[in-house]
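Letters are used for the chains, namely A, B, C, D, E and F, taken in the order the chains are written, and counting of residues starts over at 1 for each.
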Amino acid sequence: VKTVAVRDVPRAAPEVIARLWTAGVATVHEAQGRIGLAKPYMRPAWSPASAAGSAVTVLTHPGDNWMLHVAVELCRFGDLLVVAMSSDNEDGAFGELLATSLKARGVMGLVIDAGCRDVAALRSMGFPVWSRAISAKGTVKATVGAVNLPIVVAGVSVYPGDVVVADEDGVVFVPRASAAAVADAAEAREAKEAVVRERLARGELGLDIYKMRESLERQGLVYVDSPEDAT
Amino acid sequence: VKTVAVRDVPRAAPEVIARLWTAGVATVHEAQGRIGLAKPYMRPAWSPASAAGSAVTVLTHPGDNWMLHVAVELCRFGDLLVVAMSSDNEDGAFGELLATSLKARGVMGLVIDAGCRDVAALRSMGFPVWSRAISAKGTVKATVGAVNLPIVVAGVSVYPGDVVVADEDGVVFVPRASAAAVADAAEAREAKEAVVRERLARGELGLDIYKMRESLERQGLVYVDSPEDAT
Amino acid sequence: VKTVAVRDVPRAAPEVIARLWTAGVATVHEAQGRIGLAKPYMRPAWSPASAAGSAVTVLTHPGDNWMLHVAVELCRFGDLLVVAMSSDNEDGAFGELLATSLKARGVMGLVIDAGCRDVAALRSMGFPVWSRAISAKGTVKATVGAVNLPIVVAGVSVYPGDVVVADEDGVVFVPRASAAAVADAAEAREAKEAVVRERLARGELGLDIYKMRESLERQGLVYVDSPEDAT
Amino acid sequence: VKTVAVRDVPRAAPEVIARLWTAGVATVHEAQGRIGLAKPYMRPAWSPASAAGSAVTVLTHPGDNWMLHVAVELCRFGDLLVVAMSSDNEDGAFGELLATSLKARGVMGLVIDAGCRDVAALRSMGFPVWSRAISAKGTVKATVGAVNLPIVVAGVSVYPGDVVVADEDGVVFVPRASAAAVADAAEAREAKEAVVRERLARGELGLDIYKMRESLERQGLVYVDSPEDAT
Amino acid sequence: VKTVAVRDVPRAAPEVIARLWTAGVATVHEAQGRIGLAKPYMRPAWSPASAAGSAVTVLTHPGDNWMLHVAVELCRFGDLLVVAMSSDNEDGAFGELLATSLKARGVMGLVIDAGCRDVAALRSMGFPVWSRAISAKGTVKATVGAVNLPIVVAGVSVYPGDVVVADEDGVVFVPRASAAAVADAAEAREAKEAVVRERLARGELGLDIYKMRESLERQGLVYVDSPEDAT
Amino acid sequence: VKTVAVRDVPRAAPEVIARLWTAGVATVHEAQGRIGLAKPYMRPAWSPASAAGSAVTVLTHPGDNWMLHVAVELCRFGDLLVVAMSSDNEDGAFGELLATSLKARGVMGLVIDAGCRDVAALRSMGFPVWSRAISAKGTVKATVGAVNLPIVVAGVSVYPGDVVVADEDGVVFVPRASAAAVADAAEAREAKEAVVRERLARGELGLDIYKMRESLERQGLVYVDSPEDAT
């Protein structure tokens, strides 16, 4: 592990972050071609929660949250802290005190591939956290890691400055360079889905709207009238 | 996998479904002899949720939700869609659009041995879903499966037309042929439990109500007065 | 397994239990030197929930809840029932009837390293339960175990009469002999944290408050200005 | 649970069992249309192991192996015992003594969706076992279950008399009625694969043998010469 | 965590350790009343492996193996090192170098509720290890723990000087005070089982040897002749 | 997902690959600063196995192995195929036929974050595979993915042309650019460890060789003579 903290990284444009936040995790994930989604074990510590921001990345170690303190200083308004562990661990590396500190700097939330604690306080503060576990197990401050280097978090390669969108459906990461294009695609998708949703709500079938009947038949689907005919 | 969709299957009587719904998962499971319960990893996507219906069964494949679109057309008011995967998978094979379509047909809810997404929208719509995961991961429409054939879902063998009851305690399936008898047994059990509950609430002991003291002693239970006497 | 039920065990003082309850799981765990915390798979069956009490311990077997009925009689106002299984099992060994019985005796809640059911009823009754699963799977009453002997529950060695504190952060156990000292330490910690929290809320950094900069440098942390400098 | 033991069930023809055994799990699974495969957590207790037989089915309970003793009497030469639990459990419900008894009756092996013990003795005896865990945890004999009723084991619906094939790739079940047809299909598949294997071994490509190039292009696959061209 | 290393602890008598080793894990576990068995995720790093010794206990932290170095010095010929983590972790806290050091002191093996590495070297050295994972992930030496205090390892409360027996069936711990009595019970059990095994091998049924038929009937087991009679 | 196959990527020098292979996974992982290690759920399909090569990367989808056929053509002697899934899946996406094809091209082995099948054949062929599961479940060829783009596999970000080293301790990836330097560091480490191993084998203590006694004391470790002194 390179023990480096990068003071400044380029951020995504706030208005693009806002557009992606509005689109939500599921739409953003689809819009960027079904990549960048954290594994589904990442869940909000309290619900309903929703946040977006520019990633400040942290790599730390099992049972050790020292680098989170280093990261706080490098965060700005509109950032969202993203924490990876050097190996799987569920200890509560984040709690009320760090949340207080991050909130004081205008940080939008936390994504941590480990545990968090002080859930009641986090909910009271309205500070959203996505984690793999809730755990009161405290952590040491003994081994240095890195801030604002590329990390792998919950199965996704994340760079500092990437856009993070998180809600009840999970967490998705969008590379800064493609964020505006993904926001465009997400909005186009939303518009198209709104029309489809309207038609479905009125009772039209997806089979007809998406014209699936022919390809289903071509792939071998056979309709029969009753269970007896199926054998 | 047989690639067949069965257009029509016998349904359980609505009034029986209603009686089983009223009894709830835990009582129904006991009443039918402790069988038919989905494994406990099946959890409601939002809470509290409760639903019952006649099973329309779907067999589909990991990362593929094509057959759900086929199933929608074969659903009626009072049905509940039950989806099995050909192998373990947590992708979000179900979301707001399919829920809109099912709701428009009067479907009572969804049980899916995979993931679902758009949790906030599902809650807003009041459309209940039981799944093994929340995941925004979208799915393809590439491989055909089956609708209304027997499936195994979360460890239970389910036939189309079986009664599904689902609430915060999980999901239970009741064969159509025995549904009325199970409803009878469930109500009898409820009546008996109401009496016991009343006695327990007044401070009587289960040990006495169920007359367990003698058999406990016969099986070797020994009472001692203090920890020192136990060694 | 020794098949013994111990009628009477020493309890912790109620006022100490109350002080530990007020401090909460995360603080108590830290205050007693980061030991005694149940593994994080133990979660409240409904939220938010919070309880504390004097442990009455039960050892029972997978799929069998007979000993819980034995334990009820040995519980008093202010106790909290703690149940271990002789091997891993998620069956619903606890539900509304037992909760009714425990509530009638003034028991504060339940910690069970197995499943529980009747979640809606437990919430309605306001009876808090921490468990490893929600499962409607009923259990038999066939094999005797023990009440008020030492047990291992969710990775922690627990003695009857230990203080149990449980909330949204999990479950922690405090030996009776050290409970008062841990309460002192917890309150001292709370006081100290209140000051730190205030400073953090005003924008001071943990790096400065805890004087970490020097030791971080000594351990090899290097600051660079931009991502390019990190390679 | 119906507490019944069925004395006699139809068996598959021995020569069909032998043909399916020869084909092996992976080929049989493909040949019957990719159904009937136990979840991959079912592993051989010792390796390499391979067995096939006619299923005698058992339903028993977590931590209880009483019904296995009932099943032994109902087994014949060429059978293979298949054991399901009424809920997930890893206790060692099977060991050397039961293996001795089954071997004395000519039983081919055991598939158990729970734990087994005495691994060294099983290996010495050459008695193959597929289980979800190795565990020395003994079990009680307290609750009756069923023998030779339909069960769900490791995600598959199994009927008494179905053919079981198990090897290092896992466990597959073939309904008795279709066993001969599946054996035919498996052998046809083997023959076809032998030709393909030969061609692949000589360096021909699957892309060409299966003529995939055109459909890959149609589905959108693009070839570029170097990583730089991919962005 | 108390940061203490206890230099000397009472050991179990070598001849008792040898007798328990001979009996093996499954028999010892039964003989002491089905307690003291490590959870079944503890598996040998290489097979077949078998060891027994007097426990030297270590408590260390996720990702940190410092205390193992402390423990080495306190080990003697005939000891077996038993390592618990303060929270779940799979890092490779043990490898070839520590094994070399332990072997030089005559230590019989290692039980570690974490990961180990250098599997090929351990096998070559014939040094047996039971662990929850194989992982090459190295660990730091930053935080002190304890040696020869009571620990909880894989669900079992272990005291320094307890007897550890480990083989392909898992790991069992026997309190020093009861070790001789357990060895007696194990040998008695072995003798009894040898007789039963002989009878089973000759084709007698457990049903008859254990006289189970009557109690099975009393508990409700019904025999029918064919599947049709079961419905 | 970008549906691209990159025909040619730079490879690491064969002699560097050989040096890293000789060093082995555990040493390489340490030598490059404890990064690049696949999560420990990646295990060899048969043992003992050991391989190294230049990574050809594949991204494919749950239940779909189409892209592996595309990848074969782009492999050369000395390569090692590395396969990531777009979401978690254990299906048997790799078996004897693909192994035959890869072997015919001189590919050294396979690392796949999914399942593999035909274990007996793979062992017979001496073709090593590291996977997260053994599963006979066949896969479709329906959805295109990518070859030789960057992927995340078992928690590690991997680029085509990176060096892969895999043995019984797991799988580690080394960026091509730093491969020679890591080989140097690994060899230096091996040399140093050989000396330490020698000293440990003769009975010297790690405590003394690494001069840990003082820092242990500074961190608070206290020695006492007997268990009684520890309380």
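Note that in this section a residue touches a chain if its C-beta (ideal position, glycine included) is under 8 Å from a C-beta of that chain, and two chains touch if they have at least 3 such contacts.
It should be emphasised that the depicted structure is a prediction, and the values quoted were computed from it without experimental measurement.
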| item | value |
| --- | --- |
| Chain pair repeating A-C, as identified from C-D, A-E or A-B when over half of the contact pairs by residue number coincide | A-B |
| Between C-D and E-F, the pair joined by more C-beta contacts | E-F |
| Distance between the centres, which are taken as Cα means, of chain F and chain A, whole angstrom | 27 |
| Where chain B and chain E are represented by their mean Cα positions, the distance between them in whole Å | 39 |
| Overlap residues in chain A, where contacts from two or more other chains coincide | 2, 34, 37, 86-88, 90, 135, 137, 143 |
| Contact footprint of chain D on chain B as seen in their complex | 1-2, 33-35, 37, 39, 86-88, 150, 152, 155-157 |
| Touching residues (chain side chain D, partner chain C) in the complex | 61-64, 86-91, 135, 137, 140, 142-143 |
| Residues on chain B engaged by chain C in the complex (per definition of touch) | 24-26, 29-30, 34, 37, 40, 43, 48, 50, 167-170, 172, 193, 196-197, 200-203, 205-207, 210, 212, 216, 219-227, 229-230 |
| Touching residues (chain side chain E, partner chain F) in the complex | 2-9, 66, 69-70, 72-73, 90, 92, 95-98, 100-101, 103-105, 115, 117-120, 123, 133-138, 141, 143-144, 148-149, 160 |
